[in-house]
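First chain written, first letter: the chains are A, B, C and D, and each begins at residue 1.
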Amino acid sequence: MENKDKMKLANDGLPEHEKPLFCDARPQTYKPLGKYVEKFLNWARANSLWILGYGTGCGAIELRPLMTARFDMFRWGLAPRPTPRQAGVFVIGGYMSVKTLKRVIRSYEQMQGPKFVIALGSCTINGGMYWDSYNTINRLDHYLPVDIYITGCMPRPEALIAGFNKLKAMIKAQQTDGQNEYARNFDWYKANQKKIVKDWNMPDYNW
Amino acid sequence: MVNPIYIFVIALFSAFLLPVIDKLGRKVTLGVFYLSLTAIFAVTLLWFRAFGEGALIENIFTAGSLPPFSINLRMGTIEAFIMLFVNFGALLGAIYLYGKLLENKVYALMLFLTLIMGVNGLIMTRDIFNIFVFLEITSISLYALIGIKQDARSLGAGFKYIIAGGLASAFLLLGIIYVYRITGNLNLDLIISENPLLLSKGGLIALFLVVVAFLIELKPWPANGWALDVYEAAEPGISAMVASLVAAGMVFVFYKFIPLLPHSWHGMLILFGMLTFVFSNLTGLKQKNARRLLGYSSIAQMGLLMAVLLLVRRFNDAMDIRYALSDIAAALFVNHFLAKAGLFWLSGIINKEKARDWSFNKQPVLVLLFAVFIFALVGLPPFPGFWAKWTLITKLAQYNMIGWIVPIIIGSLLEAAYLLRWFGATIKREQTEQVIIPRYKILPPLLAAIVLVIIFPSFAPYMTGMKTMFFFPLLAAAVLWLLDVMPERMRGMVMILILAAFGWYIYPLAKGIVLIFEFMFIAGGIVISLASLNSARPKQGYWEFLVMLIMSLALIPLAKSSMEFFLAWEFMTVSSWLLILRGKNGEKPALTYIMFSLGAALLILTAFALSFAETGELGLVLLSNLNIYAIPVYILLALGFLVKAAAMGVHIWLPGAYSEAEDEVTPIFAGMMSKISLWGFILLFGYMGNKVLGIFELPVLLGWIGVFTAFFGALMAVFQEDIKYLLAYSSMSQLGYMILSVSLLSHLGWTTALYMSVTHLFFKGMLFLAVAGIVSRIGTTKMYEMGGLIKKMPASFISVLIAIIAVSGVPPLSGFGGKWLLYTALIEKGWYLQAGLSFFAGAIAFLYLFRLIHTIFLGQLKARFREVKEASLWYIVPQFIFVGAIMAISMFPNLILKPIMAAVETQFPSHVNWDGYTVITALGYWNGNAVMMITMGVFMVPLIWLLVRVNMVQKVEQFNIVYAAERPDRPETTHFAYNFFAHYQKAIGFLVKEQITNFWNSVSEWFHSLSATFRHIYTGNGQTYALHIIIYIVVLYSLLGVK
Amino acid sequence: MTIITILGFLLIIIGLWGMLTRKHLFRIILGFSIIDTGIHLVIVSLGYIKGRTAPIFDADLSPIDAINRIVDPIPSALVLTAIVIGLAVTALMLVYVIQMHRHKGSLEISDYEELKW
Amino acid sequence: MEHGLLISIIYAFISLSVATIWGLLLGGIMMKVVARAHGRFGPPFWQPIIDIIKNNARRTSISHGIMYFLGPVFRIAGGMGTFLFIPFIYGSMVFGNFSFAGDLFLVMYFIFFGQLGMALGAGESGHPYSAIGVARGLSQMTAFELPFALSIISIVIQYGTLNITSIVAAQQGGILHWTLFTNPLATIAALIALQGMNMHNPFSIVIAPQEIPIGPPTEYHSNFLGLLQTNRGLFNIAKLALFMNLYFGGATNLFSMLIKTFGIYMITVIVGASFPRFRTEQSIRFFLGVPTVIGILAVLVTGYF
């Protein structure tokens, strides 16, 4: 019983009457399936990357050309997806303000695993030109497990493609596991997030 | 036998005696007074009994010589009959006036006695001058009695009355003297025997003057403003006397003069009577004062009675005239006499001027009395007025006077409109203050009501051959009413037992198609009634009307004669109307419903009358023999049934009626009562088949109406926000399909109609019961206020889910069978465009069905419903009985299809083959069983795949949705439900603008405006009224062609 | 049609005229009385046979030859009744008017119009 | 049923597999074609299959409730059922499916089975876009069903039967026996309706990624989405097979089936690549306009002249 309660999240950010409206389960870690099965599945995952583009920063402007005839991301099995439920790759489009961080966390948590994060531009690494802004965060991977950083201000679409290809290689090699990392270090991530986001009116984990 | 002259003796003697003995105290005087009235009543009672035993007409001679040298009286059956009621009414009226008589001067007693004597004299005397004298005696005592109230209003009214009465007697006197001058006689019998003398130029003028004087006394429209004022202003006890016994005397005098009237006058006089009937009722529409309203109704009834007295003269057969007099005129007379007196007395007890101030719904005695009198006046069964109208209309048709049926129908509808509106409003208005009922005041209306109830069998004509069971609905309702002391659930059980027993009783009588209908009505009725047991809170009148409704529904298919059919039909109409009226906001929809239903009933009645006219018999079978009237009967019946089916154009009663009725009743309306129109069409087509009018085949026309009903019903259902309205329109749409398929007049078509009606009963029962259960828990019928209830009410959800799959016709459930049969039948018949449109309607059904289930059960649960529980078992059990039935017939369609097809085969040859579970028509085939199996198979495969991996599924809560990276704010703003099909409205919403509702609203508005216009002739000025009388006389004079 | 009959009808018409045009209650009653009188005249004139006497048996008129000497007695009888009745009605009307005046203080017929429609 | 239950199940399985794979590949080909029209390379034509594997390979999923859980099951059961009631290849034992269970009307109404289930599942997710998408989809469905139904009625009149196999049989013996040539009006009406059924541009108002992020399946993911995508391929083929049977002479062998379905699908592809999207009410009015008139004409011509 006690163990079960430990698995529950406190959801302290929610008023009492709203608590039943949100799921209070903790995220879990997952073991890979058998070696060859997982390898096959990873191949499929790598070749069908559905993007949730979160164009909060100016970097996102370089995401759009990917869909055009010139860069044609579809040929690598990349496709935009309008809902986080179906997307597998979260592309963070640049600097992350306090306000957008909250939404990004929510969207990331709503994605189904395995899920990957590509952070776009210098701002996500160290804040870039906003490093001393009162309103942006500096290091994204304090808040979300980032798989690939693509540097530049802003990075060109070619750089993005390179980043995606790197991600594909990592997936195939089973080198990246952001979902499990997030679940394992959930309390640390959550503490970091809550340090930034003061008006935490969401559940602790957005299923 | 007591010489009737003693009536005068008693009256006069005690009238003179009273002031003398008044010295002994008023109680004594009153004792003598009541004693003498009782004595008078006893005399007439004795005479009436004697005539009942076969006594002959007796002439009583006075002054020791024979006429013409003396005045003679006549006591015959009719006289005795009228006087019986007059003196009974006098006694009751005197009892009612007890309080007034106690405090007023003794002269009031004397006046009352002279009044009674005058009326008795008017009835008995055969001397025309004596008639004048008695008229004056009656009038003068009446004037004085009106004045006794001693207030400005009654005095003003009385004065106007005197002016009018004086004018009338002036003309009467002139007429009498000229009649004497020309015939040399004052004795009516002698004058009649020398009738030719009067047919001379001067004679006609003399006769005209006499007749017109009595016409004025009968208060013809529009020369009757003074009478209205009297009705309104006089003491209600006096108004009751004027409306009942004085009117009775006047009508009888008019009746006495009828043999003198030249035939050429009859038509015009009938017309004036009918005009009075129609226009008084029309003017009554706008009336707000209760007693004046009753006045309008009285005047109308007198007009009708006068017209009827003349109309029956046109019947060729002497026997018929006699029957007509007893069955129509006497019934109308008794009906009006008791009901109107009763209502006036009631108005005195309530003592509220404005009709809209009446409210006494917590005092059952008053409610019951009011109901009896109003129903009697409107002519609802079983009261004499019902039989009178039935006989009148059939006889009129028989004697080829169809034209006169029209004003009777219009007038009756208008009268029903204001009386039933008044009834509905009064019953629905919450009572705030207790009505104090003095015992002496309640006794007369009570007795009148009792007499009305117990007297009705003697007016039910053609009882021969009419099965007693057609009165069972009434009996069952009475039994349940008497069991009122029982706990409510017990009464419900008794009601279900009665239904079961009734089902057992009629089972041997039904076979084939009838059996299918009986199955629907009885079995469906029992199952649906179970839901009504959910609450133990007392429900006045609920079980009574429910059992009446279901039983009368079950009786209609068993009717062998049109009389039986119509009686059961009216019972159904009345009981369903009262059930709607019970609903919380039922007043207005109930009125619309009853108006349309009565209209339909009158159309059906006319059709039956025409059929009777041609065949001379009432058997429904004879509809197939019709020749001359075939087309009109066909059209009238079809129109009547279309109204009942709420077809396009006459559907506006349906949504309100279904929606505002109590939630437990609605499934009975939608699932069962709507089917009765289908039975009507089966009857119509079964007996009359196909008929062609001009270039139109009527069934084709009906088919088009059906398919448009299906289409527009579905379309309107799409745009409803109220769940019950949505379902109501859905029922309308489904009925449309049934009309369409039954109009096909083919084996497949009828199979479709019957199959659909049975399955429709199942799924509409489920849907409405589910809705009832939900509404009982959450207390709203607005769909956008619901949402997410699937987690709280899973059983209701399953039932609704099954139902909507079935309604929409998606395989593998039984609804598909209906659709498949329908299209196959339509294409087989060659009704291709109808098939296309009904397919469209079927597709539109998806819209409202999805909306139904989505906005209630899916989406976001509202905070205030978080603690809601599943509906009570009383709702769930019947639903799951239906679920079981649907699953069974989906799996094994043969269960229902084979009996239906066999039943239909008695009408049409079948082209359908069976191969195991496969039904094969010329066009296609369908194996419900295999479809079910395959569907289950293909359902299992992906389900197993998901279940294998069910471990990885995390159950989440309602706000765990993707919401553009935000969290939802409130369920209300997240639940997409209001104006669900906004874009659809934008695209084709223009098709369902409320044009038909507007049309009917303007019909109502026109009538009310007309009413408002016409009543302005009643200026309230006595001189104007006198002028009306003069103009009336002049117009009548020129129109009668007296030269 | 004798002159008296015509006179009677003239009275009736005058009475009607008065009744329909005068607003004063007493004049209406007067009109009504004039109508009554006119009717009585008509009745009497209809029974009158030229040159005959009233149907009253006395020394001059024995019942035996009455049949040839008297006017038609029935109209005379009728007129007596009618006069009585007319008187009663007129009296009643006057009583009404007095009472009406007591309640409303007006003798104009147009002041008694609150009951209408 | 001439053969045993097990055999027919095996046959059905084969038939379903072939249809599903072909349907998915067709979808991939369409993407390829559209890409070429845009001047792109586009994804590989087997991309839909990879997507399905990927979606089924997802580690987590969430459920909003039982109806949500069953929605995709209903959907694919609808697709499978619809397909199984259509004879896929004329005269073939393996691809004859279960068409003995019902006729054309059964197929037409069974199409709704999956849509209804899916709509209910999507509804339980509680997402407003799901409900909006369903409302749009149903509205448009009513509209395109009208010309389609008229067209069906017309060919039922023409062939005097509702039996799909008989309709195919009647079209054998040369290309000019196809309904396409014998009843062009019905074919045109139905083909326009087909564009609505396929929900590609200009009738992609349900998915409408720009306004209501993909509408009904907004909340669907992982293996639920996998099922939905599988159905997409299968259901597509079911529709194409129906049209092939009704208007294009059916198929007597696998090869002609491939050619014909590809050809019919190309119409959708070309139309889809050429037009922008309608608004909902525009789409409804469109279908109730010209296509319906054509459908009525088809019925009048076959039925009354």
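One rule holds for everything that comes next: contacts are C-beta pairs under 8 Å (C-beta built on N, C-alpha and C of every residue); 3 or more make two chains touch, one makes a residue touch a chain.
Keep in mind that what you see is a predicted model, and the values were worked out from it rather than measured.
Student: Which chains does subunit A share as contact partners with subunit B?
Tutor: Chains touching both subunit A and subunit B: D.
Student: Work out, leaving subunit B out and holding the others fixed, how the remaining chains group together by touching.
Tutor: Components, subunit B removed in thought: A, D | C.
Student: Quick one: which chain's Cα centre is the longest way from subunit C's?
Tutor: A
Student: Counting C-beta pairs in contact, which comes out ahead: B-C or B-D?
Tutor: Of B-D and B-C, more C-beta pairs in contact link B-D.
Student: Using CA atom averages as chain centres, what separation in Å is found between subunit B and subunit D?
Tutor: 54
Student: Taking each chain's centre as the mean of its CA atoms, how far is subunit B from subunit C in angstrom?
Tutor: 50
Student: Could you give the separation in Å between the centres of subunit A and subunit D, each centre being the mean of its C-alpha atoms?
Tutor: One centre to the other, that is 36 Å.
Student: At what distance in angstrom does the C-alpha mean of subunit D lie from that of subunit C?
Tutor: The computed centroid separation for subunit C versus subunit D comes out at 99 Å.
Student: Quick check on subunit B: which residues sit in contact with 2+ other chains?
Tutor: Each of 954-956, 958-960, 962 in subunit B touches at least two other chains.
Student: Touching at least two other chains at once: which residues of subunit A meet that condition?
Tutor: 23, 83, 85, 207
Student: Can you pull out the residues of subunit D that are in contact with at least two other chains?
Tutor: Residue numbers touching two or more other chains: 59-62, 213, 218-219, 222.
Student: Write out all the pairs of touching chains, ordered by chain label.
Tutor: Touch list across chains, by label: A-B, A-D, B-C, B-D.
Student: Taking the touch rule as given, give the residues of subunit B at its contact with subunit A in the complex, in rising order.
Tutor: Residue list for subunit B touching subunit A: 863, 866, 954-960, 962, 965-967.
Student: Going by the contact rule set out above, which residues of subunit B touch subunit D in the complex?
Tutor: Against subunit D, the touching part of subunit B is residues 788, 790-791, 797, 801, 804-805, 808-811, 816, 819-820, 823-824, 827, 830, 832-833, 835-836, 839-840, 843-844, 846-847, 850-851, 853-854, 857-860, 918, 922-927, 930-931, 934-935, 937-939, 941-943, 945-946, 949, 952-956, 958-963, 974-977, 980-981, 983-984, 986-988.
Student: Taking the complex as given, what residues does subunit A use to touch subunit D?
Tutor: 23, 28, 30, 40-41, 44-45, 47-48, 50, 69, 72, 74-75, 77, 79, 82-83, 85-86, 88, 112-114, 179, 207
Student: How about subunit D: which of its residues touch subunit B in the complex?
Tutor: 9, 59-67, 69-70, 72-74, 76-77, 80-81, 84-85, 98, 100-106, 109-110, 112-113, 116, 119-120, 123-128, 131-132, 134-136, 138-139, 141-143, 145-146, 149-150, 153-154, 156-157, 160-163, 213, 218-219, 222-224, 227, 279-282, 284-285, 288, 295-296, 299-300, 303-304
Student: What part of subunit B is in contact with subunit C in the complex they form?
Tutor: Contact set of subunit B toward subunit C: 129, 133, 136, 139-140, 143-144, 147, 150-153, 155-160, 162-163, 166-167, 169-170, 173-174, 176-178, 180-181, 186, 225, 228-229, 232-233, 286-287, 1015-1016, 1018-1023, 1026-1027, 1030.
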